[in-house]
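Okay, so subunit A shows up in both of these, paired with subunit B first and subunit C after.
And now, the complex of A and B:
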């Protein structure tokens, strides 16, 4: 995996998550940012900041991206979500079109 | 009579990922159970520019130091595992495990009057 193939997602508290672009593109919103011509300034440097998404939720979302890729390749496991995260996670998922 | 198809073991050669953490950064790495720790360090080298010999990986929560020559499976590193990355300091010693957790920040954020979502 090369650096160019990764993207850094930054949470509200400034925590960084470095993930594979393929995983990030599970999110339609991030896919648009990464693929639209002209491009968002952040994505040209491979960094996207989400000032509205807390660290716990953003990490859960990254785990979901990877789970989703595994699931798509035929590994049928469950994705566990702590009940107390559900609401925040839904709001973030809605924003990310995930 | 046809041979029943062998059930695939879930972690056979199927993809997995691990979460490598240091300070406020988490690297998600896609890997397979048969990969060695050295191969993982090479991947980390590509994205962090830190030479392999300056990296040390420690499996959490038991703080087991992972050996280069062994595979992930050998050392019970499973899908979604959290591994701490420590780097060699100027004095040639390795730094302590340091992972900042988001909870440490909640207090100050509330004091700022920042929204919680």
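And now, the complex of A and C:
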């Protein structure tokens, strides 16, 4: 996978998730980060740090990105969310505009 | 996520965001953002973290500091825009627009970034408080602080207008820059574009073209003027496509159309020596086409052209049909009409885009003037006669069709189609009987065309004539098959049996045929009546022709082609050397006027005088004596003695035909009245007249006076009665 096609998402605890840009852009916020003109540091380095999102949630979010792409392309499966994650996941979703 | 991980027990944690205790939190956060906005405007954004800024803005909104964030944004942006405005104002001359453009693109870029980092505010805070979204806010601030600043607004407008003026006068300007600036005005909203640019632009353009068109019209002719107008129009359209709003195209072309065309329309059309009439006369297809295309754009433009063209065609057409010189030669007369029609057809198809309304105008003009000359139907029939007699020799089949189609077109213009029919019948009869038709196909093709145009009734008699010709041929074959052997040595007889009614009526005056012929004729009569019982045959000797073989005194042999009357006269000289007029008249019983004419062509035409007259004079008198001209010579072995060919009718003949036509119309009018009344039962006078006229339109234009007479005659014969209460009403009596 080429570096330009991927992006690294870093959790509050410092875990790094390398995923496809295409998947990351399911989030409108990340899309803006990566496409906004003028060269913010995120665009330049391909790294986004989320100091307020824990590793567990970020992992779940990454799973959701890929699931969402599949869903959009017609593969209709269920996305399982553990009840204990719900609240935080929703807040992160609001933040990421997903 | 593996299943092992799933089993890990999570605790529901408390609200993760730090609860804000620091009262300066908002202030601090805003400072970060404010700094970032400054950096963005200073092109220093590369070090900034999008996530951090976004998070800050997010938190501010989340913690109810949206208002502060928003007002902070407004004041920071306003500050930057005012700085920019200063620097634009300071720009000198030509660099003004460039500076404006570069600042505009800077602002746009910054605005895009700011909007991105403040997206959360755009999404949540702004809709709920009904504030202007960030992007629009940026544009509004730009409009108020830059474009509408005192020192920029008028300067901007003047600069743009001046550049456009320079381009109109032929200079090259920076169109890319213009496009950007105009695009900026458009981005700021339709009202900004219209108020700050479009309206003044249209006003200035109107002034410009008003002056220019006045100049042009004073110093150039119509064709040149139109060329210039067309060029200007195209320039404006091109300008719009290069750097103006598409919606402006209609407006600016409107201005040009109004100033350059609509205001000068009449002047142009009637311009002396180069106006529309001149163009029509000279077949200036290109100029006419240009005029059509330009005038089409303005209200009443086309009707102006059409009116002038119509009156021109009517005038020239009237001149043509009433010109006594032209009337002398019917063939030429019709050729002139066709030429004229072709000319305008070509103009309409080449220059006027085959416009239907123009075609209609052309047709109605022709209809108008062709009917001005009451002899038009006769002339058209004569033209056809001429073509079918000789004119079509060596002409290709398609060309024949073409000519016939054109004739049909003229025919369609005729109001008195029945007069045409009458003449056509006469001419066709002469053609058929004298065997002068060149092409049977062409004859039939024309009949078919007439049939499609006017219906079966119109041509049934004409077709009857053709059938007669065909049956006669068969009859003659049968006759000679039966008697061929015993008649081999005598003269040959060709009989055409004509059905009464199908052919033009002829007064049946018989003459005494030579005995050889008489016997033959009797033989034929008995043969014919033998096969067709119950019929009556009468000889139309005035319509026949004969071929004679004559041997003159010097042993010279000639073949003479003569009429039946002439044949009768010449045969007398087989038994006598000289005869007096009276003797001839007695022997032949030919009506005296016909006899005089036929003797005249036998004795008085130079080169064809097979008889000698005593005394030698031009006219035939009853005391004249005739003898065979022994000295007769001719270069040709076959000599055709003048038979009277179809000619323009003389005045009395014309009157006679007209009278016959009028007679024929009476029953048609009556039939029409009865048909109408039968379905309507009751109708008032004016409506009858209108309906009858309409019904008969395809054949002739009924005269209201004549219709009235017919109504009266029908009342007398108890077909109709007047209503007792209302005398204007008529009732149908079944």
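Here are a few things to note about the model shown:
Just so we're on the same page, the second predicted complex is superposed on the first by the 98 of 98 C-alpha atoms of A that agree within 3 Å, B and C clash if a C-alpha of one lies under 4 Å from a C-alpha of the other, contacts with A are read in each partner's own complex, and residues count from 1 in each chain.
Operating definition for what follows: a contact is a pair of C-beta atoms (placed from the backbone, for glycine too) under 8 Å apart; a residue touches a chain by one contact, two chains touch by 3 or more.
Everything numeric here is computed off the predicted structure, so don't read it as measured data.
Look at A:84: by the touch rule set out above, it reaches subunit C but stays clear of subunit B.
Legend: residue contacts after superposition of the two complexes on their common chain; A:6 is shown touching subunit B, with no touch to subunit C. Once the two complexes are laid over each other on the shared chain, residue contacts for A:15 go to subunit B alone; subunit C is not touched. Looking at the shared chain after the overlay, A:98 reaches neither subunit B nor subunit C. Contacts of A:63 after superposition: both subunit B and subunit C are touched. Contacts of A:23 after superposition: subunit B is touched, whereas subunit C is not reached. Once chain A of one complex is fitted onto chain A of the other, the partner contacts of A:75 are limited to subunit B, with no touch recorded for subunit C. Of the two partner chains placed by superposition, only subunit C is touched by A:41; subunit B is not.
According to the touch criterion, the shared surface of subunit A, contacted by subunit B in one complex and subunit C in the other, consists of residues 52, 56, 59, 63, 88, 91. Across the complex, subunit A is touched by residues 1, 6, 10-13, 16-17, 40, 43, 45-51, 54-55, 58, 109-110, 112-113, 116-117, 119-120, 123 of subunit C. On the subunit A side of its complex with subunit B, the touching residues are 1-3, 6, 11-20, 23, 52-56, 59, 62-63, 66, 69-70, 73, 75, 77, 88, 91. Against subunit C, the residues of subunit A that register as touching in their complex are 28-29, 32-33, 36-44, 48-52, 56, 59-60, 63, 82, 84-85, 87-88, 91, 95, 97.
Considering their complex, residues 10, 14-17, 19, 24-30, 43, 46-47, 79-80, 100, 102, 105, 109, 114-117 of subunit B touch subunit A.
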